[in-house]
Structures are given as structure tokens and as C-alpha cells.
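The structure is given below, and queries will be raised subsequently.
So that you can tell them apart, the chains are marked A, B, C, D, E and F in the order they are listed, and the count of residues begins at 1 in each.
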Amino acid sequence: MTRISILGIPNDDNSSYLKGAADAPALIRQELHSDAYSIWSETGVDLGAEGRLVDHGDIGFDGDCDPWELIERHVGQALASGDPLISLGGDHAITHPIMRAVRRRHPRLTILHIDAHPDIYHAYQGNPRSHTSPFARIMEESLADRLIQVGLRTVNDHHREQFRRFGVEVIEAGQMGAGIRLDIATPVYISMDLDALDPAFAPGVSHREPGGLSPRQVIDLIHAVGQPIVGADIVEYNPHRDISGLTATVAAKLLKEIGGVMVRNARMNAV
Amino acid sequence: MTRISILGIPNDDNSSYLKGAADAPALIRQELHSDAYSIWSETGVDLGAEGRLVDHGDIGFDGDCDPWELIERHVGQALASGDPLISLGGDHAITHPIMRAVRRRHPRLTILHIDAHPDIYHAYQGNPRSHTSPFARIMEESLADRLIQVGLRTVNDHHREQFRRFGVEVIEAGQMGAGIRLDIATPVYISMDLDALDPAFAPGVSHREPGGLSPRQVIDLIHAVGQPIVGADIVEYNPHRDISGLTATVAAKLLKEIGGVMVRNARMNAV
Amino acid sequence: MTRISILGIPNDDNSSYLKGAADAPALIRQELHSDAYSIWSETGVDLGAEGRLVDHGDIGFDGDCDPWELIERHVGQALASGDPLISLGGDHAITHPIMRAVRRRHPRLTILHIDAHPDIYHAYQGNPRSHTSPFARIMEESLADRLIQVGLRTVNDHHREQFRRFGVEVIEAGQMGAGIRLDIATPVYISMDLDALDPAFAPGVSHREPGGLSPRQVIDLIHAVGQPIVGADIVEYNPHRDISGLTATVAAKLLKEIGGVMVRNARMNAV
Amino acid sequence: MTRISILGIPNDDNSSYLKGAADAPALIRQELHSDAYSIWSETGVDLGAEGRLVDHGDIGFDGDCDPWELIERHVGQALASGDPLISLGGDHAITHPIMRAVRRRHPRLTILHIDAHPDIYHAYQGNPRSHTSPFARIMEESLADRLIQVGLRTVNDHHREQFRRFGVEVIEAGQMGAGIRLDIATPVYISMDLDALDPAFAPGVSHREPGGLSPRQVIDLIHAVGQPIVGADIVEYNPHRDISGLTATVAAKLLKEIGGVMVRNARMNAV
Amino acid sequence: MTRISILGIPNDDNSSYLKGAADAPALIRQELHSDAYSIWSETGVDLGAEGRLVDHGDIGFDGDCDPWELIERHVGQALASGDPLISLGGDHAITHPIMRAVRRRHPRLTILHIDAHPDIYHAYQGNPRSHTSPFARIMEESLADRLIQVGLRTVNDHHREQFRRFGVEVIEAGQMGAGIRLDIATPVYISMDLDALDPAFAPGVSHREPGGLSPRQVIDLIHAVGQPIVGADIVEYNPHRDISGLTATVAAKLLKEIGGVMVRNARMNAV
Amino acid sequence: MTRISILGIPNDDNSSYLKGAADAPALIRQELHSDAYSIWSETGVDLGAEGRLVDHGDIGFDGDCDPWELIERHVGQALASGDPLISLGGDHAITHPIMRAVRRRHPRLTILHIDAHPDIYHAYQGNPRSHTSPFARIMEESLADRLIQVGLRTVNDHHREQFRRFGVEVIEAGQMGAGIRLDIATPVYISMDLDALDPAFAPGVSHREPGGLSPRQVIDLIHAVGQPIVGADIVEYNPHRDISGLTATVAAKLLKEIGGVMVRNARMNAV
């Protein structure tokens, strides 16, 4: 049986505006396991099957270690089993050290990055680890072969320069129309920022940007991935902004659908 | 003039997780009649026309009678006039006794069931009347010729088995794309579970399932029905989960649009 | 550099049901300038560029002047620079005196009116200035060559009669399907009523009408305008009904996108 | 057994700022009868006892009659049984015609008026029936012997003049300290405006005024009434401003406590 | 150093109306450890001191064991260290098996039960384990020497009969006035039902009962306990009803204050 | 006539956890001037009287100047008229530079600081300007003769050490009981942090701390000040956390009551 690893990364040290994303992992897990919902994914996978989900708990950030080293090490340990991993943020900054660990195991890799923002600033307020900058670091260190950004709606001139510099493929929210086609030939990593969704669906984010995707659009996008999904993160859920728990519920739903495709595509490969 | 009967069925005895749907009818009626809204449907029907809506009040469940017999009897009485009936739940379990009464008057009948969940469990926690099971009972008793389920996003293997057993036609939320075509040749009964809508539009339900339909998609679906609508129910509004009355407003809107098509299609037939 | 004028018109004297829209301008401005958001529009325009936005403040309504004369005069003054103007309501009634001033400068003009309601009642409760009536006054006084209404979902027989009388072009919400084509040959004025949006996206309005547009649909509509946008209003934000500031955020976003197209199209013309 | 009459008066024609209070009666009744709550009052009275509550339904305001005459007539009919009556508003304007009917049966009468505002303007915006003016009319027409206002926190100089003119006894919110003593020798009418409560407890009102009473303070005040309570109204619940139904719940609670004292004090008198 | 054990008991099987309390423990823990708050109690105890809190995790209820036996066993194990224990519910039904384990270690014991409801029904809907009945079971089995109930506001005649039968000491919400004096000579167990608080402070409960205590009143009550607190539970937090996380925050605060008195009084005894 | 100066200080650079307080001034002003409320204070002062409020606008922080110098300079200019000043934050860090300007005009001065937190950390995360530290700076620089802190409920050992070092007088929330007596002989400055209020009344703050004051308790405290109030600030309103605008409304109410006492006490002195 294909197993899926879960790892909580409760770190929001590099959020520039609102902290709070560090409080997310426990709340997403709670929604995932609540009796109020079905634990089956829409792809027909029972994520509640005995042994399916292997929860590695949360990384503890209290000690003296550098958080980036801690994240890289823990993600590396979680990946050691060969099972795909879903990390629960935390803010988007954590994707940088995650990718360092992921890249070591995957010489061919495409990142599907779903977000309202490019998060590719060279630096923000002097902080190169800012949650607005992880993809600048990731591309500088060649931690992926391709970076496809979907759902953007805050692109400025600096971003466009970075896109050119790093060869980023961009599909802005306004270009999605009746759906998009992904043409990917490598294993895939999904970096899912919840503010890609319109704030009506996911109000619990630090930066609400109207004009976003619907949960259905995001689920369709995930379902459309035809290559193995070797890892994923779900980041930027900020419970301090949530309304009536709507965002925790949608985060857990996306976790189930990402997990469902991880299992479905693993089966395909096995044939 | 085509009249429309309204009947409140405030019963949530068979809700497995959250009670509260029994409190819905009064709140939906309030939104329906509030001066804040237009009482015209988008199909050009004035539901506020003198005598258009015939309100049969709420069924009282305090006595010793079996609730299922009470519902069947009251629905039968409301249907006696020959006018189409819109029932206001209550939870989804009530659709079973409603259909017993509806079926007696309609030897040819298709149920258009709009929902996040199939509600076709053989039984749930030993309760065959569970709000997760009405369509198992309905199909066992042959209370409809066809059952078309639209908007599902929690299907598991047991459900698929039930689909095969009862010949259910299923259009999952992920299959709706740019719209669906309904090809129905009989009179129609619409069973409208509000959790078919994405929880951003209808947070006031007991089981929020992201990835759902928009109100516009549901209205388009209702408008697309070309056959007479002989009855309908609007169920699973749970005011205890609502945010700022959003769900009561959308329930009243759907009532108006279902009523509008009831009148429009009755006129067509009259020609 | 193309400049954009901003003018607050805090007047809700003619709201028939809920006051409160007069409190909107300050809150929309606050969201516009908040550090939480990007100030770039999706059309690639930096609205935060030095001198881009020329804020004329709010009209004061405390004195003895007739509010309609005040609005007409202040809008006229703001337009004197030749820069396009975005007015922040207030309720929809203000569009009438705004158009008097706009029309004097634009002998050829099409109004793109995005709304859930036609707002073209001959009068309401005896008030010809009602916020349900501005477009009756505007068309009687020939303040535009064409009036295109998009997103309607509360049309009644009186409205249809007015449409015929004034030659209004109407695209109801149910007709928008996979997008609409605007074919406009004159300068454009956009009158943006926030209740055109579904109440899940914009709950802060006096009359919530489910089945509405998404922010993305509205933004796409704005982006599709190919002629100069000489003026616009954003009306009917009612903070007293808002949920967690969602509607203020979406109002500011629409302001940015309207402004972005104002600048983009001005550049086109300049070529 | 002491019976209590209930009468819905869904009228907000004279609200100066926000309509919506007309939508209140159905929602308060729903909370009153919901299975989620106990139907016993804290005074040990079972309001759910068979026959205890006699519901006279809602007054219909659609016809041509003057609303003030309709209210006076319906209240008179409800009082004809001799049972005490609790009216559910509606805005505060309705208390004027209610008192006309009440006064005819009670030559000795004290009004205990609990509110954030004195509602004793001579007129407001030219409307002598304004919801800010009922107690001016009531005192002019000598519809009570004494008027005691409790909980006020918006008193201005005009109000103070009216207090002197009519001999109103006032206990402002800031004077309540550790409780107040009511010294009343006549039958009592309670006029309960929900905005007397602090908006944290009752956000669903048209005019939120911080610094208000707690539900416990209001209940203690009601319990402290030692004379027969011959009538009461609960007004100014505006569902359009409510948060998660908090105000409907507190309105139903106050109804139960007023009803409980009506029964308790009737028993005392019977001894 | 005095240690405090924490145990999650995510069980709401016996909630009669709304499930959801089983989702509470993770959310309370999250608020307890969030960087947004101080971890010191008002009694001057640093609950964040290394080793202070010993978290025993959550009881798993998936297997075949009787939940009551599981709870009794796990609570017994947690108490084995001699440290005081704070259990996080779950609904109030769990207090019965908790007290079986607590009683074995404490031959002299007073329960301070803070609640809106007596929860002492003989049975409810035929279920003797109902969350409305734990104190009937507890007193039948003599699991405490005294039961003091504080904050009640839904007492009916059956309850009063039970009070007499079991010698319960009751302080209703309406009797609390300017504070109460507790006169207790034995070790104390605190059973804290969050609906004791007024719903403005703790909306996230299954049964909102206005007229409740303020957080300050409850904290003062906890601080006033002069005897050792050997155990406590915090129950009936229902995240599905919460508004903006208010109730999770107050639950974590009460945990800190109960823990602070546990430590403070242990020090007193040590002297 | 006594005038009152208003100055917006939209700065949250030194908030350690959530930004957002910089968005507050516009929203508080909006509530202050909204037609929904009375502009009279409870002390009988008409703050809407022509010329009463002198609004100095908001400080602009975009340039290169040190924000602390900017604040000190602008506050100094606003104070130059001799009128008392109410500053609208912004986070609590701004009180430090404000006091530098205030102190220059007032050689005898007592600060009445109403807050959940002491905000007297020596430094926080290495930032001596942290919003947790202003009163350390203020006392080091002897910017007041006395510092009285009221409403605290997060005191730790470091705080207590600072209290001793600076001679701070502290009245924790748990000590307020039935009210407190202020015995002040100098002019007074009020520093009002909105999180002093219980989060049910003021949810819109970055750090919600249950067990807080009611608006009535705070208003009573303000009314009890018998000496001239020469300045005040209202800080830490964070709109990004607010629920339905509750906190903006209470901030405007407190502004009115502080202003009312400023005028009342100025009159006293004039006699």
C-alpha cells in the first residue's frame, strides 16, 4: 500500500506582516481527522485505511539549531522511507529548506506552485529568507528543473525580471479561463499557498487577494497532474484571520486530494 | 394561475453529527418574505403575486405519531390540490417519507438530487433512517424511475456499490466542467441539499465539503430542467453553523428559482 | 504619466432599506493603502507610483446645499484636470448627479453598469432619487448613449418595460456562461455596484442577492474594456453588513483593476 | 394556569437608519422553541407547559390600514383575554400604539424602559413616529403614570429637556454600579430594547452602543420587578447585523425571563 | 517542581444535540502554546517552565474497548505520577469515568462544577451516559463527598428533585452578585463546562445560554480555591460553533489559571 | 470652548506578532463620525459642536525621517495650541515618542495606562522600540512622575522586577473587584490599549487575553479621573482581527468618553 508521510512545520519567523501560520498544523490535522468529514479523496482513495498516513509530528523549533537546518534534516528523515511527504506550514519561507531535502532524492523535478503571489522577491526588508522570497532561493540553488506558478495576481516589474532570470513559467489567475493544461514530464512537487484561493473560500490567510481560484479549480489542477507527486506543502494558513474555520476545512480537503493523487499516480507507475 | 405549496418539515432526528436543521424552515421563510429582496424569480415569475404561494405551515412532531407517517400524510395532503410542493427541511432523512407521498401521484418520476454526498448508505450507525441513507430506502422501494445525483465529492467504495445496485446516474462535482446537460423525459422531483454548494456560499450546513458548486451553477441546473417539477425539497440548512445568515439567504433564493421553474414549465405544458 | 482622481461621495440619503454606504469611502481607501497588499494592478500598472493617485478627499454634505448639486459640482471640478475619476460611494443614487458632470465632458459615452439590480425603477416609495432609480433619471436626461447592464438577477416586469423604453442592453447573470464579449466604440464609464458580486465574495452590501459574479468574472470584464475609461464609481459597500472586512478588500481590488485599465488604455490611445 | 400571549409586530417603517427589525419575530420564536435550549425560566416556570404560551401570530401590514391603528387593535384583541402580552418587534416605534391599547386596560401603570437611547426625541427628520420618538408620544398622551429609563448612554441636551418636561426617571448605564433598586407600586410594562445590552452580547441591533448592560444585569432587573407585569415588548433586534445568531438567542432568553416573572408575580397576587 | 499532566479525551458520543466537542483538545493545546500569548498564569506561575506540563496526548477511541473503561484507565495512568491532571474534553459525559479514576486516589473530595446546566438528569433520551447526566452517575456512585454547582441558569423541577436526592449545593448565576465565597475543606476537583460563560465570551458551545459568567468571574472563582486542586476537566468546547476562535482562546486561558492554582496551592501545602 | 486635537499615528513597525494596527486611525474616525451613533459623550459634552474636534490628519511615514522623531515632532505641533490631544495608533510602541513631546509641556504628569500587558519589557527580540517595551523607555527617560497600570493579566517575573525598578503602581484585572479608586494629584495622560478589554468586547487586537475589562469598567475609570487630561492615546486596534467592526465601534466610544472628560475637567479648572 502506498503510504503518505505528514510533517508539521510550525514556523512563521519570516512572515513580514502577520505571524500566526505557525499555529496551523494542529488545526489542519484536526479537520483531517474530524468525524464530520469523509476521509476518502475524490480519486477514490481511502486515506483513513490503516497505515496509510504516517504522521511524523511537528518539528520543534525551541532549541538553538538553525531552523533551516532543522527543516532540511527532518524533511530528509521523513523522505527516507521513500513515501511521498505532505508538509504542513508554517509560512511559505519553509519551502526553501524543504526543497533542499527533496532535491537530493529527485534529480528530475518540476515544482507546481499555486499562489496569489510569486514569492520570488530577491529579498524583502533585507531578509533573504522572507516568506516573499523562497522561490528566488530555490531557483538560485537549482532545486528544481522547472517552476510553474499558477494563480498569480500581484505581479510587479521586479517579479517579471525574476521570471526572466529564472525562466519561471507563469499562469496568472486572469489567464486560467476555462481551465489550463499542464504538460509535465518529471516527478512533481506541489507548493500550495492557501491564498491562491479567493478569500471568500480561504479567509484565513495573512494577505487576502480577491480574484482568486475556487477550491474546485485547485482540485481540478491537482487531479490533472499525471506524474508522480513526490512531495507537497500546504502553507500560509493563518488561523488568526480565519472565519468560522472555513480555511482549516479547505486545507484538509486539499491535503486529501493531493494525497489521493499521490496514491493514484503511484499505482499507475506500479503497473 | 399556477400555485406553489410550501410545507415546513422541521425534523432532524436522524442527523448523525449535528442537530439544528429542524430550526431551518422559519428562517428560510423569513428571508423569502423579507423586504430586503425581490420576490421575482429570474425566470420572470412574480412569486409574490396574490395567492401564488400556499403555505401549509410546519408539521408538528410533538405527539406520539411516527414521524415518517406524519410526513407522508402531510405531504400527501399538500399535494392533493395538484399544485407542486416545496418542502423545507429538516435534514435529508425526510426525503424518504416525502417520496412515498409524491410517488403515489407520479407513476413516472426522475429525482434530480443535488448534494455533496450520495446519502445512499445502506444504514449508518445502525439507523436505516439516517440522513445518510434516504436514497437507499427510496431506491429499494422504487419511489423513482431514475435517480440523478449531481455535485458529489465524497464518494467511497460502498457508495459505488450502491450506485451499481440501484442504477444511480452520478455527476460528481469534478465532472461538471463548463456545465452539464440533463436529458430527462419524465416529471422531475428536485432534492436540494444545501451542502452541494461550496461552504463559502453556504456555510450553514452540518458537513462542510469544499470544492462545491456555486449558487449560479445550481440555479443554471434548476433553470435547465425542461419537464414539470412536481415537487422539491430544500434540506440540511443548519442555522447553528451559519455565518451572518448567508445560507438562509441562498436557501430562499433557490426556493424562488425552483418555484419560478415550476410556474414556467407548468405554463409550457398548458400550451 | 496618466493620473487618476479619487473622490469620496459619502451619501446614502436615498437608500431605501439600510443606511451605511456613506461610511464606505474611508474604509476602501484604508484597504487601498494598507501594507498588507500589493498596489500594482494585474495589468502591470503601479498605482503607488508617486503622483499616480490624486485624492480629492470626501464631499462634505453637512451644509444647506442640495446634495445633487454638490456632487455634480465636485465631480465637475475633479474632472477638470482631464484625468479619469473613480468615485467611491455612497449608495447607487449618486451615479445620477455624477453622470450629469461626466456627460458634459463626453458627448460620446457608454455606461457599463455591473450590478445585481437594474436600479431603473421609475421611482421607489415616491422618491425619484431612490438608489433603485438612478438609471431611469440618467436615461431620461440622455446622460449616456448606451447603457449596458451586466450581472442582473432581480428583473421584474416593470424593469423590462423600462429596458424597452430606454433601449437598455441587458446581460443577466444567468446569461454570462463562459464569459461575455463587450463591443463598445465610445469612451466608457463603469458603474460598479458591489452587490453584482455573489454575497460570499461581498457580504457587505445592503441587499445580498445570491447567484452573483465572482471577483474574477468582474475583473475579466473590466480588463476586457478596450476603450478609454473616463470615469467609474464603486458603490453600495455597506460596512455594517460586512464580514471580517472581505468587502472592503474586494472594493479596493476593483479600484486597482479599474485604475489599471484606465492607465493601460490611456497609453494605447497615446500611441 | 397563567397564560402568556405572544404577538409578532414586524414593522420597521420608522427606523431612521437601518431597516431589518421587521424580520425579527420569526427568528426569536425559532430560538424560543429550538430543542437546543431549556424552555424553563430561571424563576422556575415551565413556559413549555401545555397551553402556557398563546401565540397570536404576526400582524400583517400589507393592506391599506394605518399601521398604528392595526397595532393598537391587535394588541387590544390579544389583551382581551386578560393574559399578559409579550410583543415582538419590530423597531421601537411600535411601543407607542402598543401603549395606547395597554393603557385602556391599566389606569395605573409604570413603564420600565431598558435601552441605550432615551427614544424621546420630539421628532426625528420630521417624523413624529420615528423609532427615536415613541416615549415623547407616550408621555404626551399620558399613556403611563411613570416612565423609568434604565441603561441609557447617549443622552444629549434635548433629551434632558424632555426628561424634565415629562418627569422621566433616568438611570444611566454609568449609574448602575453594583445594581439598582426599583421602587414601583403599580402594574408594570417592560419595554426592552435589545441595544440596552452591550453590543458584544447583542450585536444584532441597528445602533451598537458600547458600555451597555450584560444579559445578567438585565435578567436581574427583570427578576427584581415585584409588581404584576401586564405587558412587555422586545424590540430592535435586527438580524441583518447579528453575528452567528447571538442576539436571537438572547432575545429568546429575555422573553423567557419576562414570561417567568409574569407567571411568578401572577401567582403571588393570587395568594 | 510541581508538574501538571494534560490528557486529551476527544469523545462526544453522548452529546444529544451537536457533536463536535471531540475536535476540541488539539485546538485548545494550539492556543495554549501559541506565541501570541503569555504562558504565565495570573498567580505568577510559569507554565512554560521546562518540564512543567506533561502531555499524555489524546486517548484513541477507535478500537473495540468500551470508551468508559478506556477513559478510566488512561486517567488512572496519568494520575499515577501523583501530579494533578487537567483533562481536555470532549463533552461533559466524560466526567463520569474520569471521576471513577480520580476517586480511587482521593477519599476526601469536593467537586466544584461550573456550568450553565446541572447535567444531573437521571437519563436523557434513554441514555444514562448522556452529557446531561454525568453528575447523576457520579453522585449515585459516591464519587465525591460534595458537589457544588455554580453558574446554573436552566434549572427545572426534575433537577431540583435530583439536587435534594443527592444533596447538591447550588449557586445559580442569578445568585452570584458581587462574588461568592467557597468554603471547602477537602481536595478539590474542578469540572469546567465552557457554557458556564456567557455566549458572548464563549460562543463555541453546543448550547448557548445567555446570562452567564464572565471569564473574570470564573478566573476569580478558580483563584479563590484554597485547597489542593487534584484534577480538573475543561469540557464542551465545540469548535463548530465558535466565532473567530474566541472560545479556544478562553479555554486555554482557563487551563493556565487552573494550572496556576494547582501549582500555587501545592506550594502552600509544601510549607 | 475647549477644543480637542486628534492625530492619527498609523505605525506598527514594532509589532512583534501581527501587523495591522497601522490601518486603525481611518476606521476609528469613520465610526466616530458615522450617522449611526450619537456624538455626545456620557458626560454631557457635544463633541460634534462646531470646532470642537481639530483633526490634524495622519502622520505620513513614507519618507526617510526616523519615525520616532516624526511622531515627537507632530505631537509637539499638535500640542502647541494648548488643547488636549488624542492620538490614534498604531501599536503601543508609539507611546514612547508621544510622551517625549507631552512631557516637555507637563512637568507634573501621571500616566494612567489601561492594558492587558505591562509593555515594560526591557527589550523584545532585541528591539528596544518593541510594542512590548514603551513603558521601560518612558520610565528610564522620566517622562512621567507616576505610572499606574490597570487591567494587567499577563505579568511575569521580569515584569515584576521592572515594576520595582521603576516604582510602577499596578492594579491587575483580578484586583479590580467592584471598582477602583484613583488618587491622582497631577495632570493625567491616558494610554488606552484596546486589549485591556475582554476579547468579547474588543476582538480586533493582536493579542487577545480573556478575563479583561468591560467597556463599562473602562468608561467608569475614565470618568473617575478628576484632574485635567492633557493627552491620551488609543492604540493596538488591529482591524485584521476584528469581528463585524465591534472593536472600531468601541474605540470610537472610548475616544468620545475621553474627550468628554477632557472638556468636563477643563471646565472645572476654569471655574
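Keep this in mind: contacts are C-beta pairs under 8 Å (C-beta built on N, C-alpha and C of every residue); 3 or more make two chains touch, one makes a residue touch a chain.
Heads up on the chains, UniProt names are A, B, C, D, E, F = Agmatinase.
As the structure is a prediction and not an experimental result, all values here were calculated from the model.
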Required minimum of steps from chain C to chain F, each step between chains that touch: 1
For chain D and chain F, chains touching each: C, E
Interface residue identity across copies chain D, chain E - same or different by half: different
Turning angle required so that chain A lies on chain C, C-alpha fit (0 to 180°, nearest 5): 120
Between the pairs B-C and B-D, the one where more C-beta pairs touch: B-C
Far-end chain from chain E, centres as C-alpha averages: C
Identity of the chain that, by mean CA position, is farthest from chain A: D
Repeated interface matching C-F, over half of the contact pairs identical, chosen among B-D, D-F or B-E: B-D
Inter-centroid spacing, chain D versus chain C (mean Cα positions, whole Å): 41
Chain centre separation in whole Å, for chain F relative to chain B (CA means): 54
Centre-to-centre distance between chain B and chain A (centres being mean Cα positions), rounded to whole Å: 37
Chain D residues counted as touching two or more neighbouring chains: 17-20, 35-36, 178, 198, 200, 214, 240-241, 243-244
Chain pairs in mutual contact under the definition given at the outset: A-B, A-C, A-E, A-F, B-C, B-D, B-E, C-D, C-F, D-E, D-F, E-F
Residue ranges of chain E touching chain B (in the complex, touch as defined): 16-20, 240-241
Touch list for chain D against partner chain B, complex: 19-20, 22-23, 26-27, 29-31, 34-36, 239-240, 242-245
In the complex with chain A, residue positions of chain B that touch it: 17-18, 117, 153-157, 160, 172-174, 177-178, 198-200, 203, 206-212, 214, 241, 243
Chain D residues within the chain E interface of the complex: 35-38, 40, 42, 44, 46, 178-179, 198, 200-201, 214-216, 219-220, 223, 243-244, 246, 249-250, 253-254, 257
